[in-house]
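Okay, handing you the structure first.
Chain naming follows the written order as A, B, C, D, E and F, and within any one chain the residues start at number 1.
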Amino acid sequence: MMKRYLPHPLLSLALLVVWILLANEISAGAVVFGAILAVIIPLITASFWPDRPKVGNVIAICEYGLVVMWDILVANVIVAGLILFRKTETLESKCVVVPLDLTSPEAITTLAGTITMTPGTVTIDLSADAKSLLVHCLHAPDAQGVIDDIKDRYERRLKEIFE
Amino acid sequence: MSLTLIVLLPFIGAVLPAIMIRAGRNACATATGSVTLLALILLMAKAPAVISGEVFQVSYSWLPELGLNVTFFLDGLGLLFATLILGIGLLIIIYARFYLSKDDPMGRFYAFLLLFQGAMVGIVLSDNILLLLVFWELTSLSSFLLIGYWKHLPEGRQGARMALAVTGAGGLAMIAGMLILGDIVGSYDLTVILQNADLIQASPMYVPALVLILLGCFTKSAQFPFHFWLPHAMAAPTPVSAYLHSATMVKAGIFLMARMWPVLSGTPEWFYIVATAGLVTMVLGAWIAIFKHDLKGLLAYSTVSHLGLITMLLGFGTPIAAVAGVFHIINHATFKAALFMTAGIIDHETGTRDIRRLGGLLNLMPIAGTIGIISAASMAGIIPLNGFLSKEMMLEEAWHTMWLDQGWVVPLLATVGAIFSVAYSFRFIFHVWLGKPRDENLPHHPHDPPFGMWGPPALLTVLVVLIGLFPAVIAGPLVAATSSAVIGGELPEYHLALWHGLTPALGMSVIAIVVGALLLMRHGALISATANLSRPDAKAMFDCAIAKLVALSRVVSDNLHNGSLQRYLSVMIVASVAIGVSGFYAEPDHTAGTRELLDVSPAAAIGWVLLVVTSIAAVVMHHNRLLSLLLVGVIGLIVSLGFIYLSAPDLALTQISVEVVTVILMLLALNILPKETPKESLPGRKLRDGVVSIAAGLGIGGAIWAIMTRDLPNSISAYHLANSKIEGGGTNVVNVILVDFRGFDTFGEIIVLGIAALSIFALIETVTQGEAAKRLASWVVSNRRSADRHPMMMVVATRVMLPLSLMVGVYIFLRGHNEPGGGFIAGLVVSVALVMQYMASGFGWTQNRMKVNYHGMIGLGVIAAAITGASAWVAGLPFLTSGFVHVHLPIVGEFELASAMGFDLGVFLTVVGAVMLALAKLSQVERMAEHVDVNLDPMDHDPSVRIATPEKEA
Amino acid sequence: MIEYALNFGFVCVSLALLMNLWRLTMGPTTADRILAVDTMAINAIALLVMYGIAKGTAMYFEGALLFAMFGFVSTVAYCKFILRGDIIE
Amino acid sequence: MPFVVELIISLLIVIGGLFLLVGSFGMLKLRDLLPRLHAPTKASTVGVGGVLIASMLYFWVERGHFTIHELLITLFIFLTAPITANLIAKAYMLLNVDPHSDLPPSKQNEGWATFDPVGPEGYDPSEEYQEKEN
Amino acid sequence: MGDWIVVPIVLPAVMAALIVLAVRHYILLQRVFSITATVALVAVTLSLVIFANGNGPEMYALSDWPAPFGIVLVLDRLSAMMVFLTSILGLGVVLFASSEWDKRGKHFHALFQFQLMGVNGAFLTGDLFNLFVFFEVLLIASYGLMLHGAGADRLKAGMQYVVVNLTGSALFLVGVGMIYSVTGTLNMADLAIQVANIAPGDAALLRAGALVLLLVFCVKAAMVPIHFWLPGTYANAPAPVAALFAIMTKVGAYSVLRVYSLAFGDNAGDMAWLAQPYILPAALITIAVGMIGVLAAKRLNNLIAFAVIGSMGTLLTAIGLFTPESISAGLYYLLHSTFSAAALFLIADLVVSRRGQFGDSLNTAPVFHQSGFLAILFFIGAIGMAGMPPLSGFIGKLQILDASRDSDAMVWIWSVILVTSLMCIIGFGRAGSVLFWKSASAEGEIVVEGAKWPVLPIIAACGMLGGLFALTVFAGPISSYLNGTADQIFDTSQYIRAVLGDGALAQFGQ
Amino acid sequence: MEFLVASSIGLLTTCGTYLLLRGRTFPVVIGLALLSYAVNVFLFAMGRLTINMPPILREGVTEYTDPLPQALVLTAIVISFGMTALIVVLSIRAYLEIGNDHVDGQPVGEPSEAGDKN
C-alpha cells in the first residue's frame, strides 16, 4: 500500500521541500499543495526510478554535506589564488586515476560531482565499467595525495550513505 | 420569347449529338438537323413581319449593373444573317452526314457545329453589344474546336490556334472598342447606340473606338493585314470550311460593320480605313488565289477577296454602296457555300484537292460539275448569275469613288480585282471540270456522290441562278429590309436588275472577263514568271512571331524566376525597405520625438557589446555551423537578459525556454546536414548582400529609433492594466492579456504549434520512401563518436532532475495568472525535462516509460482550450469569456480558480505534445541515419547490477 | 553600502561576461566555446540575482531558475552533439 | 537595517562578484581546456552562492519576508555543474586527446568510457524493441 | 448571428483536433469527419451570408471585452462572402482529396481543417494582430499541406515558400508594431479613428508602417515583385492543396481591401487611399509577368500557377482603383478566379495522373484515358481562366474594364488586361493542343493502373467548374450583392458603429 | 539606452538578413532566427522602454510598462518557434531528398561545385 502510493518517500519529502522553496512561503496552503504534488509526481515518474536508490543515514548525509561545503570554500580560495597569482606555466596540471570502491551509480555520481564542485579537481571521465574515475587536477604536485584525499574524505562517507 | 428560343436552340441542341451518337450516325444527324430546322422555322415565321419593317425585341435582365442584359432583336439585317446561318447550317449538317467518314467522331462534330451556330445566331440577334461580345468570342472558341477537329493533323491544330489567336486578339480589341462606345452613349443597348450617331462621331473617343471595333471586324473577316489565318483554317473538314468561311464566321465581321454602319460610317476615318482595307484585301486575295493549287486554298483566298469587296462597299459609306454590299453578302454566301461543298465532293471522290492533278471531272461527275461550274461562273461575275449583279453594283460604286482626291485609284484597282477574280474562277472551271484528266492515278475513281452530298450545293446553285434571273422578286424584299436596317434610314434609289444599260461598270466587267480569261490562258507562264517573287508566307511569319514571343517569354520568365531563393528574398527585402522609406518621406511631416531617454547603465552597455560582438561573429563565422548555432544561443541569452532588464520577465522566460528547445532541434538537424557551409559567395555577391542587409538594418533601426524617442499615444493597454485584476482576475497583466483579453490569439498560437508538430510528423513519416530512404540507408557516420552513449553521471543527474523540473513546471503553470509564467513556459519546462531524459538515457528507454501519446496531447490541448472557450456559451456569453471564483478551503486557505486556467491547461498540453512529438520524430531520422538501435538499458553500464542481465521493462 | 557592493558586483559580472565573450569567439576548440557559454549562463544567473537585490523584487527569481535549468540543458545538448552527433538516440 | 547585516550582504555580494570574475578570468588565462574547466567551478559555487545568500539575507532582513527559493537555484547548480564539466571534458577529449598517450590508463578491465565501448561483445540491447508511433 | 460568427473558426479547429486525437489511424473515419465538418461549415457560412445580406455589420466580442480592448470578429457582407467561398472551395478540395491524395502523407485532414480555420479566421477578424495570428495559422497549415507527400521538387519549392513567408511574417510584425506605436490600437475600426486623428508628427511613421504591412499582404497576394514564391509553390503542391491555395492569395487581397479601405480610406485625411499609387502599377506588372509566364511555361502546373499570378494582378488592379465600382468588379473577379484556379489545378491533376511518366510536362505524349472528357473540362477551365466568354471570367474582366474607365490609368489598365488576355489564350491554346490534340498523332496509348473513373475527384472538379457557371448565370444577383458589399466597404461608418458604437463615430468626423 | 536597443535591432536585422541571403539552408535558418529576435525586440520596443516596471500589478504601484506589446511578442515568439521547428525539419527532409542543401536555384539532385553565379 505504502509502497504503491509512495514509492519513494525520500523523494517525496525532497519534493515537498522543493515546493516550499519554490512557493517561497511556509503556509498551510503551500504545504498541502506541495504534499499533493509530492505524492503525484513520484507516481508519474516512478517508472524512471527503478528500485533505487537505497539511501539511509541522515546524519551521514549531513556530515558529508558540511564537509563538502567546507572543502568547497577552502578550495575556492586556493584555486583563486592559483589562477590569479601563479603563472600558468608553473601549474602542474595532470590527470589522476581514482579507483572506485563504490558500485551504486548514484554514489559514483555523487562522488564525481563532489570532486568537480571542489575547485582544483574536475572529474572528466569514468572508466567504461565504472571502476575508476579520471580526475583532472589543476595543480597537483602530489597526485597520490589527491587520490587518498578523495577516497578518505568523500568515498568513505558515501559508502556509509549508500551502502 | 421565340426569339430567345432561336438563339438557345442550337446551344441546347449541342448536347443532343453527344448523346444521340450512340443511336447511330443518322439519328445523330437527324437530331442535329431538326434542331436547326426548328430554329429556322421559328425564324421564318417572323420573316414576313420583319420584311415588312417590323422589329422584334425581347429582353431579360442578366447583369443590369453593368448594362449587360440578354436582349435580342430581329430586324432585316438580323433576319438575313440568321437565315443564312441557319439555312446554310442545315444544308451543311446534311452534307456533313455523308462527308464525314466512319472514323470521325461525328457526335463531337455536330456538337461543335451547333455550338458555333448558336454563337453566330447570338451575334446577329444581339441587342446588347456586350452580349454580342460574348457571342463573338464564342464563335472564336467554337471555330477553334471545329478547325482543330481533325486533331491528328498538325495543320488543323496550327490553323486552329492561329485562327484563335488572330480572331481572339481582334475580339479583345473589340471589347475595348465596345466599352468605349457604350461609354460615349451611356448604354450598351444596340438600339440606343444606333440612335446616337452624332454623339458618337463627335466624341473624341470616336477614333479609338472605331479603330478597336474595326480590328475586331477585320480579324474576323480576314481583312488585310489579318487575312492570313483564313487559308490555314482550311485544314478543317470541308463542311466546316463551307460553313465558317462562306456564310458565317467570316461574315461576322461584315455583319458588325453593317450593324454599326449607321453610327460609325460616313467619316473620312471610316472611309480610309475600311474602304482601303477592303480594296487591298480584294485585290490581294484575288491575286494570291490565282496561284493556289489547292482547291480549298483557292476558294479561301477568293473568300478573302470577296470579303474585301464587301468591306470596301461598306467602307464607301454611301447608302447605295451599302445596298450593294448587302446584296453581295447574299450572293457570296450562296455561291461560295456551294463551291466549298463542291470542293469537298471533289476531295471526297478523288482523294485530292490539288488542281494540278485534276481535270475533266465534268464527265465523271456531271451533277457536281454542273453545280461547280455555275457557282464558279457566278463568282466570276458572269451574266446572268447573281454574282454578276452585285459585282456590277460594286463596280458602279467604285467608279464614283474618289480616293485621296484621285478618281482613278478605286476603279482601276476594282477592275484589277475583278480581273483576278475572273481568272481564278475560270481556273476552277477549266482546270478542274473541263479539259482532260491530268492524273490517271487518283486515289479514288471519281463518280457523283450520293444525293445527300450534292443536294445541298445544288439547292444553293438553284438560288444562284434564280437570284440572277429574278433579283427583284427573289431577293428584293430581303435586300430592301436588310439594307434599310443597315442604313438605318431611307433607302436610296436602286434597281436589282440584270441590265442597267451601257454603264462604265459594264465596261469594267467586260474588261475583267476578257483580261481574266487571257490571264488564265497564260497561267503557266504567269506561275513561272512569279515563281521567283518572294511570297511572304504568313503562316511562317505567324509561327515565327509566336515562337519568338514564346522564346522571349521564356527568357524573361526563366531569368526572372531562376529558382534562387536568394534573389527572391533580396528583392523582397529591398522592396520592403523601399516602400517603407518612400512612405516615410512621402511628405516632410515627420517630427522628432521628445521622449525622455533612459540612461545607459554599465551592465546594459556590456550587454550591448556582447550582442554586437556575437551577432557579428555569427555572420563572420557562419561557415562553422555548430559555432553559429552556439552564437545564436548566446544571442538568445542576451536578448532574454535584455527583456528582464526592460521590465518584461514573461518574455525573458519564454525566450530562454524557446531558445533551448530551438537549439536542441537545430542540433538534431545539424547532425544530418553538412557541418560546414562552403564558402561559395563571390565578393560581388557578398557586397550586394551586405548592402541589402545594411539597408534593412538601417531601415528597421531607424524606425524603432524614431518610435522609441516619442511618447506612446493613448494605448488600449491602459484599459488592460486597469481591468486585469478587477475583471480578469489576475495580476500578471501580460498573462491576463494572453489568456483573456486576447485569448483568441493564444488559441491560434497553440494551433500553430500543433500544426507545426503535425507537419513535422508528416514530413518525417515519408522519409522512408524514395530518395531520402536511400540516402539514409547508405548514410556513413563520418565523425568520430564517443564510445559511451549515455554517460552515467548524466543519466543519474537527469533522473534526479526530472521530478524537480516537473515540480518547477507545475509551479510556473500555477502562478502564471499572477506572476510571470503560464501554460506555455510551463509546457516548455516540462518538455525540456522530458527531453533531458531522452538525451541522457536514450530514446528507447525513455519512450518505454512514457505512457503518453503526443498526438493525443496536441488534440486534447486544442480541445481543452476550445471547450473552455465554448463553456462560456452555456452562460450566454461569447466564446472564451472567462470567469473566476475565489474558493475557500480549510487549511489551504483562499485561492482563485479561473476558467482561464482551463485554457492555459490546453496551452500547456499542446505545447508539451507539440514539442515532444517534433523532437521524438526528428530523432527518429537520426537513428535511421546512424544505424544504431535504441537503447533499452537504464544506462550503458550499471556497476551495481554487474552487467549481463539487462532489465527489460514493458 | 549595498548599492556600492552591487555596483561592484555588476562591474565584476560584466567583466566576466566580456571575458567569456573572448573565449567564446576565440575558441580555440569547440569545447572551449561551450564552456564559455555555460559560464555565461552562470554569470547571467548571478547578474539576475543581483539585479533582483538592486530592484528589491523577487520577480527575477524564476528567470534565474530557468537560466540554470536551460543553461544546463543546452550545454549538455552541445556536448552530446560533439560526443555522439545524435543527441537523442 | 543593522549595519552588520548590511555589511555582510555587501561582503557576500563583493565576494561573489570577485569569484565570478576570477572564474571567468581563469578561463581566459589558463592555457588549455582541462585547466580552464576548473575556473568556472568557482563561479558556480562561491560566486553564485555568495550572491544567492546575499539575496536571501537581503530580502529577509531588508524586506522583512523570508525567502528561501534561492536555495533551489543552488541545488540546481550543484546538480548540474559537475555534469556539464564532465561532458565538456569528454567532448574535448574526444576531439583533442589521444587516450593512449595523453591519459593515464584506467587500471581496470575496460578503458575510459569516452573511448572504449562497454559490455560484452555481441550483446544487442535493443532486441525486441519496436518503435512506437511517437 | 451571435455565437455563430465564431463557429467557422472553432468548428474546423475542434474537428481537426478530434481527428488527431481520435481517428488518426483510420483514414475512412478521417474522411467522414472531415467531409461532414466541411459540409456543416458550408451550411453555417451560407447562413452567415444570408444574414449579412439582410443586416449591417455585426461584431462578436471574444471573451466579452468591449472593443477595441479585446479581440473582435466582424461579420459583414465581405467577410461572410469570403468564408462562404472558403467553405465551398474547401468542400471541393476535401472531396477531391478523399479519393486517394490524403493517403500519400500523414494528417491531411487535420491540416486541412486547420487550414480552413486559419483562412476563416483571417476573414472574420477585426483585429490587426489577430489577423497576423490567423495568417500564421493558415500559413503553417499550408506548409504542412504543401509538403504533403513530399518529393524533391516539392520540398525544394516548399523550402522557398516557407522562408519567403517567414520573412513576410517578420515584416508583418514590423508593420503592426509601427502602427501600434503611433496609434496605440490594434482594432481595425479603432485604427480607422486613430488614423483620422493622427498627430501630424506621427504621420510619417504611420505611413511607413502601413506600407510595410501593405507589402506583406501583397506577398500573400503574389504581387510583383514579391510574387516569386508562388509559381514553384503552386506548381509543386499536391493538386488538392494547390486548389485550396486558390483562396490563400485571396486572403492577401482581402486584407489589402479590408485594411486600406477601412483605416486608410476616405476619412484618413492626408493618408486617404494610401495604398493606391503603389498597388496599381505593381498589379499591372503582375498581370504581365503572370501571362508571360503562361506563355513560357513548359509544365502544365506552371502554366496554371502563372495564370493565377496573372489573375491576382487583375484582381489587385481592380482593388487598387479603390472605387465602389472597381471593388465590386474585383470581388466578382475574386470569386471567379478562385473557382477557376481551383478547377484547373484539379483537372490538371486528373490529367497528370493519367499521363504516367509524362507527368505535367507539355510535351507530346500518347493518348491517355478519358482524354476526351478531360479535354472538355480543361477547355472550360481554360476559358474561365483566360476570361473568355461566356464564363464568369469574361464578365469579371468586363466589369473591371468598365469600372476603370474613369481612372487616369485607364489606357494602361485596358491595354494590359486585354493584351495579356490574348497571351493567356495563346498559352492555354498551345497547352491544350499539346495535351489533348497532339497526342492523337503520337504512337500508342498510355495506360496507368487504377486511373479509372474516380468519382469524387471528378465531382469535385466539375463542382468547381459548376461554380463558374453559377457565377455566370447568377451574375446579376451576385453583382447586386457585391455592389452592396462595395457600398458597405466604402461606408466605413457602418463598420465602425458596429464595432465601437455610435460614440466613436463622433471622433471620426461623421 | 534607446540607442543601444535601436542599434541592436538594426544590427540583428542586418546580420539576420545577410545570413538569410546565403545559398544554403542552414545559414538561412540561422538568419531567420536572428531576424525573429530582431523583430521580437522591435515589437517589444513598440511599448517604449522602461526599467523595473514589469506589468505585474502590485499594491501601491501605479506605473507599469505597456503590457500589450509584451503579450504580442509572446505570441510572436511562440509562433516563430513553431515555424523554426518546421523549417528545421524541412531543411533536413529536403537535404535527404535532394542530396544537397542549396536554396540558390541549383538544379535538384546535383550538388554544385561551381561558385555562386548570382
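Following the convention adopted for this analysis, contacts are C-beta pairs under 8 Å (C-beta built on N, C-alpha and C of every residue); 3 or more make two chains touch, one makes a residue touch a chain.
Protein names from UniProt, one per chain: A = Na+/H+ antiporter subunit E; B = Monovalent cation/H+ antiporter subunit A; C = K+/H+ antiporter subunit F; D = Na+/H+ antiporter subunit G; E = Monovalent cation/H+ antiporter subunit D; F = Na+/H+ antiporter subunit C.
Keep in mind it's a predicted model, so treat the numbers as computed, not measured.
For the pair chain B and chain E, chains touching both partners: F. Contact with chain A and chain E alike is made by B.
Chain E has the Cα centre that lies closest to the mean of all protein Cα atoms in view. Using the mean of the Cα atoms as each chain's centre, the chain most removed from chain D is B. Annotation: 66 Å between the Cα-based centres of chain B and chain D.
Spacing of chain B relative to chain C, judged by their CA centroids, is 59 angstrom. Once the centre of each chain is set as its mean CA position, chain D and chain E turn out to be 55 Å apart. Each chain gets one centre point, the mean of its Cα atoms, and the points for chain D and chain F are 31 Å apart.
Residues of chain A found to touch two or more other chains are 18, 22-24, 109, 112-113, 123, 126, 128-129, 131. Residue positions of chain D touching 2 or more other chains: 18, 25, 37, 39, 44, 67, 69, 72, 75-76, 79-83, 86-87, 89-90, 94-95, 113-114, 116-118. For chain C, residues that reach two or more other chains under the stated contact definition are 10-11, 13, 17, 30, 34, 58-59, 61, 65, 69, 76, 78, 80, 82-83.
Of all the residues in chain E, the ones that touch chain F in their complex are 129, 132-133, 136, 140, 143-144, 147, 150-153, 155-156, 158-160, 162-163, 166-167, 169-170, 173-174, 176-178, 180-181, 186.
Interface residues of chain B, counted against chain A in their complex, comprise 787-788, 791-793, 795-797, 799, 802-804, 806-808, 810-811, 837, 846, 849, 851, 891-893, 895, 938-944, 951, 953. Remark: chain F residues 20, 25, 28, 32, 35-36, 38-40, 42-43, 46, 68-69, 72, 75-76, 79-80, 82-83, 86-87, 90-91, 93-94, 97-98, 103, 108-109 touch chain E in the complex.
Of all residues in chain C, only 10-11, 13-14, 17-18, 21, 24-25, 30, 33-34, 37, 40-41, 44, 47-48, 51, 59-60, 62-63, 65-67, 69-70, 73-74, 76-78, 80-89 touch chain B in the complex they form. Chain A makes touch with chain D in their complex at residues 18, 20-24, 26, 72-73, 76, 79-80, 83-84, 88, 91, 93, 95-97, 99, 109, 112-129, 131-132, 134, 136, 138.
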